[in-house]
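One structure, pasted below without further comment.
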Amino acid sequence: MEVHMIILTGVLVTVAVYLLLSRNMIRMILGTAVLSHAVHLLLITMGGAAEGHVPLLGESDGPYVDALPQALILTAIVISFATTAFLLVLAYRTYEETGTDDLNYLRRVRRE
Amino acid sequence: MNKFRGTGGTGATAAQFLLNLFIAFLWMLLLDEDKFRVTTFAAGFIVGIFIVFFMHRFFGTQFYLRRMFAIVKLMFIFISELVKSSWSVIGQILSPKLTIRPGIFRYDTVLESEGEVTTLSLLLTLTPGSVVMEVTEDGRGLYIHAMDIESSKQALIVQLKNFEKAIMEVTR
Amino acid sequence: MLVVLGVFFPFAAAGLIPLLYRLIPNRRIGWFVMAVPLVLFAGLLSIVPGIAAGKTANVTVPWIPDAGIDLAFHIDGLSMIFGLLITGVGSLVVLYSIHYLSERESLGHFYAYLLLFMGAMLGVVFSDNLMVLYAFWELTSISSFLLIAFWYHRKGSRYGARKSMLITVFGGIGMLAGFLMLYSMTGTFSIRETITLAPELSEQPLYLAAMILVMLGAFTKSAQFPFHIWLPDAMEAPTPVSAYLHSATMVKAGIYLIARFTPIFGGESTWFWTVSLIGIVTLLWGSFNAVKQNDLKALLAYSTISQLGLIMSLLGFGSAALAAGTDAEQVLLAQAGFAALFYMVNHSTFKGLLFMIVGIVDHELGTRDIRRLGGLMALMPVSFTLAVIGSFSMAGLPPFNGFLGKEMFFQAAVTVSSGNPFTADGAALLFPVVGWIASVFTFIYCMIIVYRTFLGPRQPEKVDRLPHEAPKGMLVSPAVLALFVVGIFFFPNLAGKYLIGPAMPAVFPTLAGKPGLVPHIQAWHGFNTPLLMTIGVIAAGIILFVTFRHWRLIYRFPPFRWNLDTVYRGLIGGMETGSTLITKRYMSGNLRDYFVYIYVFFLAAAGGSLFLKGAFKPDFRMETIAVYEVTFVLIMTFAALAMPFVKSRITATLLNGVLGYSIAIFFIFFRAPDLALTQTVIETVTTVLFLLCFHFLPDWKPERAPARTKIINGLIALGAGAVVTGFALTVKGYVVFDSISGYFEDSYTLAGGKNIVNAILGDFRAFDTMLEVVVLFIAGIGVYTLIVLKAKKGGGDIEGK
Amino acid sequence: MNADTIVEYTAAILMVTGGLMSLVSAIGLIRLPDVYTRSHAATKSSTLAVLLTLLGGFLYFWALERFISVRLLLGILFVFLTAPVAGHVIIRAAHRSGVKLADISKKDELAEAKERLMEEQNLERLNREKKNDSGV
Amino acid sequence: MKGNDVILRTVSRIVVFIILTFGVELFLSGHNNPGGGFIGGLVLSSALVLLYVVFDIETVHQGVPLDFKKVAAFGAMLAVLSGTAAAVLGHPFLSQGFGYFDLPIFGVTELTTVTIFEAGVALTVIGTVETIILSISKDV
Amino acid sequence: MNNILVLPMVIPLLTGFVLFFLRPSVRAQKLVASLSILSLIAVSVRMLLKIRDAGILRLDFGGWKPPFGILFVGDSFAALLVLTTSIVSGLILFYAFAATERRHENMFFYPFSFFLVAGVNGSLLTGDLFNLFVCFEVMLLASYVLVTLGGGKSQLAESMKYVAINVVASWFFLVALAFLYGTIGTLNMAHISVRVAEAGQGPLLSAIAVIFLIVFALKAGLLLYFWLPGSYSSPPAPVAALFAALLTKVGVYAMFRVFTLIFYHDSSITHGLIGAMAVLTLAGGSLGAVAYKDIRVIASYNVVIAVGFMMLGLAVFNEAAFRGSVYYLIHDMVIKALLFLAVGSMILLTGESRIDRMSGLIRNYPLLGWLFFITMLSLAGIPPFSGFIGKVYTGLGAVEGGNYWLLLAGFLSSLFVLYSLLRIFMNCFWGETTITREEQRPLNKKKLIPLSLLGALTLAIGVGTQVLAPFVADAAHVLANPEIYIEAVLGEVQPDE
Amino acid sequence: MVNTLMLIALILFSFTIVIAVYRIIRGPSKPDRVIALDMIGVNLLASIAVVSCLLETKAFMEVILILGILSFIGTIAFSKYIERGVIVERRHNR
C-alpha cells in the first residue's frame, strides 16, 4: 500500500513546487498548502505500512498500526493550518498595502 | 432585534427544557451503550444544561413532544419523496435523449411560520424535479425550479397543497 | 611592577583625561598628560643599568589562563629601546602639542587617543604573550585611526584613517593567523618559550606559512612596499601625531616584530631574502618618491617609508648571522642588526625633529607646499638651524648621528654582498648598489627640505600670513631632539653600550656573549668602502639636486607614475561596484528566485547524495494494493495536476479541498481516525479562510511568464518530486530498526487512555501539544494584529467602540 | 444461510445500489445542460445513494456485532436535513450571481420578478429625481 | 429582488445543536475513542463558523458574547498551567494523573488531569479559529 | 527531577499570556516583563551552575523515560545560550520600552517577544527532534507576527517572503523527519544517535542528513540566506535586534547539535559540504555587506557573515573550533543586538537609513557614536572585545585541523566586516555635522542605557572571558564527545539492548 | 462475496468522485464546481462507511458524521461567497 502513496506524494510535491514558483500570491500559498498535504502523506507512509488495527485499545486485540506518526501528523496539521492562516492574511494585507498580488513586483516595493 | 427568536415566546422555558432533554437523549445515543442507564442520561442532561446555557439566546423554536413525532413522521415522508424523486431524475439522466424543459415558477403558500415554510421547502426540494430557489421577503412566495416545467407544474402544485395540509396538521 | 604600570598607566590616564578635560578645558591639560610619559621614561631609565647588565623584568597577570592567554610582560634590552623611544619621544610630542594645538580643538579626545596609543605601543613591546601582543597591536591601529581622523570632518582625514586602518588591520589579521600557527606548533603563546622551542620549528610544515604571515603583519605596520601606501595619507593627522606615531614609534612596531622574531625565523633563507629585499625595495621606492613630493609632510612620509625600509633591510642582513658558519661571520653579520637598532634610534630623533619643524612651518604659514615656501631662514632662524641639523643628519652628513648610521648601513650591505650563508660571494651585490642609489635620493630630498623651505627666494604672495619664529615652547621639543642628533654623533658608544648592546642578545640569543657583538662605533674609520660610498652619495646628490629641474620629468614616465594608490583605490572601488553588481544580480528580491535557489540546492545536495552516492535503493514491493486505493490516488493526481492550470482561484481552492478530503480518506486507509477527523475539519476551515481572504484579493490572471521560466519551474518541480519519491522509496526498503511506538500500546495501563494517539498527544508527548496550542494562539492573535494594524493606520478603529 | 448473513448481503447490496445511484447522478452531472438541472442530480440521487450506503453500513454492524451505531443514524439524519438545504442554497447563489439557465429552459419567473423589481426601483428613482429637479 | 434565508436559518438552528453536542462528545470521549481536545474544539468552532456564515457577526455576538482572543489566551494558558501545576506539586513538568472515582450521578468514572489539559487545547482552538475568522470578516 | 530546565521556556510563555491580558496597561506590561526577564536570567544562571556541579541535566516531561517521552536536556552549550538569550533579549526589551511606539505596544509587541524567547529557549533545550520542530514553529510564528509589526509597504512585502520561505523550510524539516522516522524509528536525539551509530551512517542516512542540513541552513542563513537581508532590515529596531540576536543562532545551534550528536560519521558532509557552504556564506555576506548603502541592509549582511564564521567551527570539527564557535555564538548574540539597536537608533534620530544621507552624528550623539565604534571593533574580532576569543579559537581549530582555506575565508571576512562598518561609522558619525543642536532629536537615557549595557557586555565578555572559559570548555567537550550526551540521556535506560 | 460487493461499491463511489473532480475542473460556473465538491463530500462519506465495514471497525463513525457536517458548512460557505463575495457579514442589512 506504499508505493502508489509514495508516487502520489511525489506528484503532490511536483505540483506544489510548481505552484510555489508562481508569481501570484494565492498560487504560491496554495503551493504551500499542497506541500503540507504531501508531507502529511509522506509522514504517514514513512510510518510504515498499514498492517494492523486502528490504534484504539479495546476495538481489537492488535497488532496496531504505528500510532506515533499519527500523533506527529496531527501536530503538523495544526501547525500548518496556523501558518497558512497567517500567510493568507499577510497576503491580503500585503496586497492592500502594495496594490499588487504579483510577487515579482514585490521586489520593487521600496522603503517608504 | 434578536433574530434567533422564533415565532411566539410563551413556551420558551418549556421548550428549553425539551431541548435539554433532546440533548440528553442524543448524548445517550452517542455513547452507544448496550442498555439504557439513568446515569448516562443524567450525564447527557448535564452536558445539555451547559450547551443550552451557552446557547440559550439562540433558542426560540418551540419544541413539543408532539412535534418530535411529527418530525419523525415527516422524515418518513422525506424518505419516500426522496426515493421517488431520485428514481425520476435517474430516469431522466439515463434517457438516451434529453427531452426536459426546465424552468422557474412562483408558488404562494398558505403556511405562515418559518418552520412550516422550511419544512415545505425541504420536502419540495426532495420532490422529483423541483428545487426551491427563493423565498420571498414576506415568507409566502416560493420560486421553484422544475426539471420539466411543462409536464409537471400542475402535478407539483397539487402535491404542494397536500404537503401544506400535512404540515399544518402537525403544527397547528 | 613598573612593567604593569607602564602598560596600564597610560590607559588609566586615557580614561581619566576626558573627565579631567571637563575641569581644565584648555591646553594646560597637556601638562598633566605629559606627566605620564615623563614618569614612565624616568622609570625606564632607572632600570637601564640593570637591563644593560643582562637582567630582565617580568610580570604575569592572568587573563584567560584556560586559553593560555595571560598578560605576560617582559622587558629586555630590545623592549627597553622601544620603551624609551615611546615614552621619551612621547613626552616631547606632548610638550610640542601643548603649543601646537588650538584650544578650540577637542583636546580631551586628542590626549585620550594619544595616551591610548602610548599604552598600546608599550603593550606591544612589553608583551611576552602573542595574543596580548596582537591585542595591543590592533589597539595601536585603532588609536592611529582615531588620531589620523582627528579632524574627522575633513574628507582627506577620513580617507587616510580608513586606509591605514584597513591595511594595518589586514596585516594584523595575517599576523594573528601566523601566531595561531606558531601556537599549533609550540602549544604556547609565550614568545620566550617559543624562542626556546625555535630550533625544532623549522622542520614543521606550518613554519614557512607562519613566518610569512608574521612578516605580513610587520610589513603592513611598518609601511613596507607594497603596503606603504597608507603612510602618506596618514599625514592628514595633526603634526604631533605624525611625528610620534607615523615616524618615531608606531611604524617601528613592525621593526620590533621582525627583531623580536629573528630568533625564531632568522637563519632561514626565506626570512633573510624577504626581509632584506622588501626592505631594500622600500628604501629605494620611498626615497625615489620622496623627491617628487611638494607637500613637506608627504615628503617626510616617503622619507620615513624609505628609512623604515633601510632598517628592515638591515634586520634582514643581520638575520643571516644565525645561519652563518663561523663565529667571526656571525658577529660580522649580526652587526647589521646592531646597525638596524642604532639607525632606528637615530631615525626617531632626526625624523621627529623634522616633523616638528614642518609642523612649525605649517603652523606659521598655513601651508606645507614647498612651491609656496622659500627664504624663511631670516624670519625663523632657530627653526632653520634645527631643520638643517635634522636634514643633514638624515642625509648622512657629519657631525650628526645619521652619518654614523649611514656608514654602518653601507658597511652591512657590503658585508652581506661579500658573503652570507645564503648565496655565493657577490651575488647579493644589489644590496649595496641599491642602497647607494637610494642614499643619493635621500640626500636630494634632504637638500630640498632645507633649500626650498628656508633658502631661496621668499614667496610672500603665495602665503596668507607673515611668518615669524615659533613660540619658544614649540621649539623646545625639536631642540631636545637636535641635541640627541648631535650628542649621539659624539658619544655613540654610550648609546651602543647602554641602549643597543643589551638588545643584541634578544635578537641574537645564540650569539649572546660573543665578543664583538656590540661593535665600537667610530666616526672616523679610515677611507674604507662605506666612506667612499658616502662621498659618492654627496657628489652625485649635489649634481642631481642642482639639475633636478631637468630630470624630474622622469616621474612622468609610466613605470614611475604607476601608483600603488591607484591599485588600492581600484581595489576598493572595484570591490564596491563588483559586490554591488554581483549581490544585486542574485539578490533579486524576487521570491520565485529564492525558491529556485532553495530547490536547486535541494536537488543538488540532497538529490546528489541520494542518486550519485549510491544511496538510492528503491523498494517497489507492494504488500496489498486495492483498486479503490489506486482510484483515490488517481483522483488526487488528477486534482493536483489540474491545480496549476485552472483559470480561477475558486477552482484551485476547491481542488485543494478535494486533495484535503482525499487525504482524509487515505488516513482512513491507514487506520487513523483521529487524523481523518482533524484533517477534514482543518481542511474545511482552511477553505473558509481562503474564501474569506479572496474578498480582498483580485482573481488570478494567467501566469505571465516566459516559456523558459515555465520550463525551468517545471523541471525544478519535477526534480523535487522525483527526489522526494526516490528518498521515500529507499526509506521504505530500509528495515533495520523497530519503531519505539510499541511502548505506547500500553497506553491504557500507563496513561489511562484507550485511544493511543490521544494518549500520545495528551500525555506521552503532551509537551508538543502544549506548544502546538501556543503556535495556534500566536497565529490567531497574529492575524488579529495584522488586521488591527491597518485599521489604526487608516484612522478608524475596527473594534468599534 | 442464517439471518445475519442475509442482513450482511442486504447491507452489501444496499451499498452497491448506493454506489450505482451515485454513479448515475455523476453521469447526470456530466450530461445535464446547466447548473440548475445538475443540482437536481446532485441533491437528490446522490443524497439517496449516500443514505442507502449508510443504511447498509448500519445494518452490517448490527449483523456483525449487534451494534447500533447512533453516529451512522445521526449521519443519515444530518444528510437528510442538510442535503436539500445545500442544494437550495447553491441554486439560489447561482441564480443570484447571474448564472444563465440552459437554452432549453422554458421560463424564468424569478428573473422576470427581479427585472420588474429593478424597473420599479428605477422608476422610483427617476420620479424622485424629477421631484427634486422640479423642487429646485 | 431580496430573498429570504428562512430555510437555511431554520435548518441551521437545528444542525448547530447537533454539531455542538457532537463536539462536546468528541472532546470528552477522546481519551478512549477518536476525538479529544483538538477535534472537539475544531468541531465546536465549526459550529460557530456555520452560525457566522448563516447569520452575521453582530447577531451571533449577541448570542455568544465572548472575546475569543481571551478565550484562546485562556485556553493556551490553561494548557501550560496544567503542566506547571504538576511541576509545582513536585512531579516532572506536564505529568498527568488519572484515577477511577465513584461519583454520585456519573457512577464509576475515570477522571484524568489530561481533561484539563485538553480543555485548554479545545478552548485555544475555538478561540483562535473564531478570532481569525472574525478578524478577517470585520475587516470587510 | 530538574523542572528548572523547563523554566526558560515556561516563564516566557506564561509571561506572554499575562502580558496579553495586561494589554490595556502598558506600564503593567513593562513591570511584568522586567520581572520576568530578571527571573529568567536568575534561572539561567542557576541552571548553568547546576550543570557545572551535576553534569548534564535532563527533564522527562510527564515522567516518561527517554526515548518515549519528550525531554529537555541541559548541557553547558544549551545553558550558555539560554543565559545569553535571556540577557540579550532582556536588554532589547529594555530598549523597546523606550523606543517602541505605543501603536506597536498595543499590538502585543511584548507578548510576541516573549513567545519568541520561549521558542528560542525551547529549541536550545529540547532533546527530541520533533519537539525541536515544534519549538522552531513557536519561535517562527512569533517572528512572523513581529516581522510584520509596523506594517509598511516594504515591510509587508519582505514579511511575505520571510514567511513563505520559512514555511518551505519547515516543510523540509517535516520531510527530513519523515525519512528519519522511516529509517530509524525514533525521535529522541540521543537515541537517534545510538541507532545511527549502530547502523553505520550509510549513504541513505547521510542523504537524509543533507536534508536536515538544508533545513537548518535555511533557518541559520547558511548559504541559503537570501531571505535574510530583506526581512532583517525592514521591521522596527527592537524586532530586528531580536531577530539578529536570536533567530539565526538557533539554526546554528541546531546544526551543531545534529551534526555533532547524530550525523557526525560522514566527513564529506560535516567537513566538506558545511565547509563549502560556510565559505560561500562568508563570501556572499562579505560582498553584500559592502554592496549596499542602507545601514540596516549592511547590518543584515553582517549577520550572514557571522553565520558563515560560526559554521567554520563545525566544518573544522575539532574541540578548539567548537570552543571558538561557542564563544562566537555568545558574542554574536550580544553584538548583533547592539548593532541593530544602534542602527535602529540612528534611523530613529535622523529619519534616514542611507549612509550618504547622514553625517557627523558623533557631534550630536557622542555616546551612540562610540558604542557603534565598539560594535565595529568587536565585530571585526579586535581584542579585547568579545569577538576576539571566538576568532582565536576558531582560527586555532582551523590551523590544527589543517583547514587553511576556511581560516583564510574566516579571517578575510572580518576585513569586510570592518570595511562595511567603517563605511557606516565614517559616513554617518564622522564628516560635517548636518544637524544643528536645535534640530537634533533627543536620544534619551532609556535608550542609551541598554545600548551601553550591551557595549559593556561585549567588553566584559572579552575581558572576563576566563569566567566563561570553563563552561565553554565543557560545552565544546560535550560537542566533541557525543557519548557524554548520550550517556546523560539514556544512561539508565537501554531502549534497544 | 460480501466483501467483493463492498469493494465494488467503493469503486463506484470513487468513480463518482473522479467525475465530480472533472466537473470541478471543467466548471463552467462556480456553482457547478461547488455542487461537485458537495458531491465529493457525501461520496467520501459513503466510501468511509464502506471502508469501515471492510475493516470491521467502528472507529470511523465520527469521521462520517463530521464529513457530513463539514461538507454542509463548506457548501453553504461557498454559496455565500458566490452570492455575495463575503461569507461572514458584520451585520445582515435587511
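Should a chain be cited, it is by its letter among A, B, C, D, E, F and G, assigned in written order, with residues numbered from 1 in that chain.
In the analysis below, a contact is a pair of C-beta atoms (placed from the backbone, for glycine too) under 8 Å apart; a residue touches a chain by one contact, two chains touch by 3 or more.
Which protein is which chain? UniProt says A = Multisubunit sodium/proton antiporter, MrpC subunit; B = Multisubunit sodium/proton antiporter, MrpE subunit; C = Multisubunit sodium/proton antiporter, MrpA subunit; D = Multisubunit sodium/proton antiporter, MrpG subunit; E = Multisubunit sodium/proton antiporter, MrpB subunit; F = Multisubunit sodium/proton antiporter, MrpD subunit; G = Multisubunit sodium/proton antiporter, MrpF subunit.
Values in this document were obtained by computation on a predicted structure and should not be read as measured data.
Averaging the CA coordinates per chain and comparing them to the mean over all protein CA atoms picks out F as nearest. In terms of the distance between Cα centroids, chain C is separated most widely from B.
Here B-E and C-E were compared by C-beta pairs in contact; the pair with more is C-E. Chain C and chain D have centres, each the mean of its CA atoms, that are 79 Å apart.
Measuring from the averaged C-alpha position of chain C to that of chain F gives a distance of 26 Å. Distance between chain centres (mean CA atoms), chain E to chain F: 37 Å.
Taking each chain's centre as the average of its CA atoms, chain C and chain G sit 70 Å apart.
Multi-chain contact residues of chain E, defined as those touching 2 or more other chains: 1-3, 7-8, 11-12, 14-15, 18, 22, 26, 32-35, 38-39, 43, 46, 49, 53, 55, 59, 69, 73, 76, 80, 83, 93-94, 96, 128, 132-133, 135-138, 140.
Of all residues in chain C, those touching 2 or more other chains are 589, 591, 595, 626, 669, 671, 673-674, 677-678, 681-682, 684-685, 688-689, 692-696, 724, 728, 731-732, 739-740, 744, 754-755, 761, 763, 765-769, 772, 774-776, 778-783, 786-790, listed in ascending order.
For chain G, the set of residues touching two or more other chains reads 10-11, 15, 22, 30, 34, 36, 55, 57-60, 62-63, 65-66, 69-70, 72-73, 76-78, 80, 86-88, 92. Within the complex formed with chain E, the chain F residues making contact are 1, 3, 6, 10, 13-14, 17, 20-21, 59-63. If you check the complex, the residues on chain C that touch chain E are 673-674, 677-678, 681-682, 684-685, 688-689, 692-693, 695-696, 751-755, 758-759, 761-763, 766-767, 769-770, 773-774, 776-777, 779-781, 783-784, 786-788, 790-791, 798. Across the interface of their complex, chain E is touched by residues 59-60, 62-63, 65-66, 69-70, 72-73, 76-77, 80, 86-92, 94 of chain G. Considering their complex, residues 8-9, 11-13, 15-16, 18-20, 22-23, 25-27, 29-30, 35, 38-39, 42, 46-47, 49-50, 53-54, 56-57, 60-61, 64, 67, 69, 71-72, 74-75, 78-79, 82-83, 85-87, 89-94, 96-97, 99 of chain D touch chain G. By the touch rule above, chain G contacts chain D in their complex via residues 1-2, 5-6, 8-13, 15-16, 19-20, 22-23, 29-32, 34-36, 38-39, 42-43, 45-46, 49-50, 52-53, 56, 58, 61-62, 64-65, 68-69, 71-72, 75-76, 78-80, 82-83.
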